[in-house]
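Below are two complexes that have chain A in common, paired first with chain B and then with chain C.
Our next item is the complex of A and B:
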């Protein structure tokens, strides 16, 4: 679906990846569909892509885009985040054509999407109720059944039965992907001067646009090339970026941040990296996937788990990555993100960790003021 | 008793007794707080009071506390205080008002609110979850999230006997068992199944009568105002669910409404236009907001608010007391799911209501503070209007924050809506006249 990166040096590979990521005509999705493939669109944050993959579909991460919501704007009220509107706009304008759309009750706004999309498109539009009581003893069994229901929905769309062997093969592809993404984040953490925040982001984000076999090839090549990169370490602040779990900051904003500091960890597109380790291949694959979601996973403001108090998880992320400070961002009008900001700020204050609070929108195009504020923040730390 | 004397004693009884009960409830909470007692913090969509009453826990509904600050015109003081503590102007106003109540040690216009001993919430609204996380931080109390799978797609509800439904029910029932164990730990009181049967019995009385009350508003003229009177009924439906007072109140309310319907007694409004109200009321100017409609003869005879804010009690689901836990799980699943449906799939509720309630128009009222009810409203309106030729009004304001309520703008839009309704009626009259002459 995407060939132009092959055989190129790292800088050119990254350029090609960036071009693809910023192309709001989503050419890989169009090519897949033109070739007779089916597309399962899933809204942020987490979706068990392995199930759609095993059915031979392209799981496509619906995460908005920096486009004008010309038609979608009139289907929503005011006071809503941008990603809701631009995601629908992509489908209404036929920039993307889906065979299925799945949303999740991640927030009060997003849980309305199955109804809104369902009224506007003939293809199935559903809510996947991932457990919101992650601590319930019955949650794994519930989720196992829910994944089975999802599979029953997908099979007639894909036009094929999905066996346990198909599911295990997909789990293996995704396990490889998880390992490669962990390696990418190890480089960010240990040698951040070799991989800027925006570069890492581009490499991760392509996973939402491609079949994972292809994404794995890109990551394997990029990681090999990164080993030979010889950027010099600079005297920059190491920080964690938090607030990119749903609506994505513009790539240029990440570039602005990368100009003045090392982002050693983040929650950008955390859904693509939600499961932290390999999912076992032995036994019931759907149960294994369900257990991994609940028991071996990251954290975000949109999942409540008594074992993972968000501010404690953030403090851990900062400590494990050796960060000195944090950017606590939230997309404009993003309720979970904005609500979390207050809790994060209190915890960071108590821990004596400097933090920078900001808001962004996927469509923003000027960053001068934020860059100035960020530089002032950094100088305050450096010269305190 | 003479008819007029009987009228005096029955008509308006629901409002009088409802207001008394709510005052009594807050007075009890005040006494609890003043004596250092604690309460269970719960929410309107899935309060689980049937279980909590078995443990003698007073119930606090922070949503109701917050809206009361708006009705009493002091919400801005609470909102400002929360915003000073880092909470954004763009999040739910209910959360912020409650946060300020907590900062003030429970100080509230209706009395002191006790601190929580535990919090019980469902996933019917995601803000519930974020809200409870604030109490976790403030008080380090147990928080129990009862996860209730909702309807997966428009019209795709499953029912008892269906494999998918039974899995959902089993999931809910297993969680209820965990909630009971938690309540035992928190209160030191042993769970009593017969006491649960008793609270469920009272909830049955309430649900059956509530459904009857809602259906009686199909009469012309409508027997109650779904916006103003309905909000009083909702206060009792939530605060007294699972109690003898609540069950008795709703029996008497149904009696009052049946009495009014039989005698053609309507509300104070001279009913000209029958309307449905979609969303949450504009509490910062509650009375004035209502008058903007009643002054034109607009009567709210139907409202999605009465469905979702009663947690689905509108369905009249009757628990089977012979198998209480299983039936409670079933009822909670079906009820809370319906509450969610009435927010997300509003068009499915409104289209049949057009004929059943003889509606002349629908008022969609999205509010800044509540994305749950507001996000899909514009599209639901589009869908309803595509399906049926009906008048509708789309007005935005807020349920808490007077800074985003523009009274003049609202009035202009509402006046224009009624002028349109009048014009539509004239045209209908003219064309039916032409038809009859032809």
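Our next item is the complex of A and C:
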């Protein structure tokens, strides 16, 4: 679906990947569909893509875009976040054409998206109910059942039965993807001067636009090229970026941040990296996937798991990455994100970790003020 | 002996300062910035090394500042113009509390606390009136080069009023004054008076307090400092002529020295722990 990166040096490969990511006509999705393939669009944050993949579909991460919400603005209030409207706008303006849309009750706005979406398009629209209480003993069985429901929904759209062998093959592809993404984040942690925050983001985000076999090829090539990169190590503050779990900051904002510091870990597109280790291939694949979601996963403000107090998880992320400070960002009008900021700030304050609080919106186009504020924050640490 | 370097990639000129461990300025260098920022920063650094008679290996730490600071690939880190200028000005004049920096394309007023931290600042964002570019344009409208501005100012007797509201509209004002028979030198002085008026307004907005230090390329013109003194009715610090354009680079070198000393005092850089997933603690933990 995406060939222009092949055989190119790292800088050119990254350029091609960036071009694809910023193309709001989503050419890979269009090509997949034009070739007779089916597209399962799923809204942020987490979706078990393996199930759609096993059905032979293209799982496409619907994560908004920096477009004008011309029609969607009339369907949602101005007090709601941008990603909701721009995601809908992508479909209303036919920039993307889907065969199925799945959203999740991660917040009131996302829950309502299903109803609005369903009234405007002929393709099926569903809510996937991930467990509200991840600690409940029945949670794995419940989620296994919910994944079974999703599979039964997908099969007639895909026009095929999905066997356990199909599911295991997809789990294996995604396990490989997880390993490659872990390696990418190892480079971010250990040699952040070789991989800027915006570059890592582009490489991760392509996973939402391509079949994972293809994404794996890109990652394998990029990782090999990164090993040979010889960027100068600069004396920069190591930071964790928190607040990119749903609406995504503009790529230029990440570039601005990357100019001033090393982002050694983050929660950007955490849904694509939600399951942390390999999902076992033996046994019931859907149950394995459900258990991985609950027991072997990252954290975000939209999953409520008493075993993962978010403030502690953030402190852990900072410690494990050797970071000295944190950027606590939130998308404008994002209730879960803004609510979490207060807890994060309190925990960082108590731990004596410097932090920078900021807000973003996907349509932001000027970053001068934020850059100046961020650099002043960094200088206060660097030259103290 | 160890040295640190500051590279200030400004909109009009790129400057370098090499500072010795004892705090002496070992060398400076300056070049037009042009549009190949990465290249010119390297050239200016090498020129400063040559002026100091040093090899690059003698430089322990390099800080880049100015609008093009991110293009200096060989720097160890970057600092904003505000922080670098604050440290450069306070290095030269330790009691500095307010800085007026009039550069080629920006004007900045900064107020510092006693620890040299930036407390407040204002920029003349996105407007040429009140910058070196305004004076350059005024000179050009009258057929003079930038290099001739100093001589023009020295020859002036009485400033001709120039509104200074807009560098673009100033052209018609200059032409109008020339047609009325005003001397180019007096028109030039009028432009400087206008610029000083805007400078003082900017300083008021940061709640200026003494001592005042004036920096930036425009301070090459002695008349500028004299007019600021008159407007403020107090004395102002002006760096020596050979450093007046280099205060940002000097501050960057000072910051480099500070950072280098801090790093040298640390036992070792903290390494990130081995890769470990963000796994949840065990249930009940």
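Note that the second predicted complex is superposed on the first by the 384 of 384 C-alpha atoms of A that agree within 3 Å, B and C clash if a C-alpha of one lies under 4 Å from a C-alpha of the other, contacts with A are read in each partner's own complex, and residues count from 1 in each chain.
Criterion: a contact is a pair of C-beta atoms (placed from the backbone, for glycine too) under 8 Å apart; a residue touches a chain by one contact, two chains touch by 3 or more.
Since the model is a prediction, treat every value here as computed from it, not as a measurement.
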- request: With everything superposed onto chain A, say whether chain B and chain C fit together or clash.
  value: fit
Message: Just checking: does A:297 make contact with chain B only, chain C only, both, or neither of them? Give me first, second, both or neither.
response: second
- request: Please work out whether A:80 is in contact with chain B alone, chain C alone, both, or neither, and reply first, second, both or neither.
  value: first
Message: Quick check for you: in the superposed arrangement, does A:332 touch first (chain B), second (chain C), both or neither?
response: first
Task: Have a look at where A:29 lands relative to chain B and chain C in the superposition and call it first, second, both or neither.
output: neither
Task: Check the residue A:376 against both partner chains and state whether it touches chain B (first), chain C (second), both, or neither.
output: second
- request: Considering only touches as defined above, state whether A:259 meets chain B (first), chain C (second), both or neither.
  value: second
Field: Arrangement angle, chain B at one end, chain C at the other, chain A at the vertex (C-alpha, nearest 10°)
entry: 110
- request: Using the touch criterion from the header, give the chain among chain B and chain C with more contacted residues in chain A.
  value: B
Query: Taking the superposition as given, does A:187 touch the first partner, chain B, the second, chain C, both, or neither?
result: neither
Message: How many Å separate the nearest C-alpha atoms of chain B and chain C in the overlaid structures?
response: 12
- line: chain A residues contacting chain B in one complex and chain C in the other 135
- request: Would you tell me which residues of chain A are touching chain B in their complex?
  value: 74-80, 84, 105-109, 111-112, 114-116, 118-120, 124-129, 131-133, 135-139, 141-142, 145-146, 149, 301-302, 304, 306, 309-311, 330, 332-333, 335-336, 338-343, 345-346
- request: Report the residues of chain C in contact with chain A in the complex, numbered from low to high.
  value: 61, 70, 73-80, 82-83, 87, 117-118, 255, 258-259, 263, 270-273, 275-283, 285
- request: Could you pull out which chain B residues touch chain A in their complex?
  value: 85-88, 90-92, 95, 123, 125-127, 129-130, 132-134, 136-137, 143-147, 149-154, 156, 164, 167-168, 170-171, 174-175, 178, 343-345, 347, 366, 368, 370-372, 374-380, 382-383, 396
Query: Given the complex with chain C, which residues does chain A contribute to the contact?
result: 135, 182, 185-186, 189-190, 232, 234-236, 238, 259-260, 264, 276-277, 295-299, 305, 307-308, 313, 316-317, 319-322, 372, 375-376, 379-380, 382-383
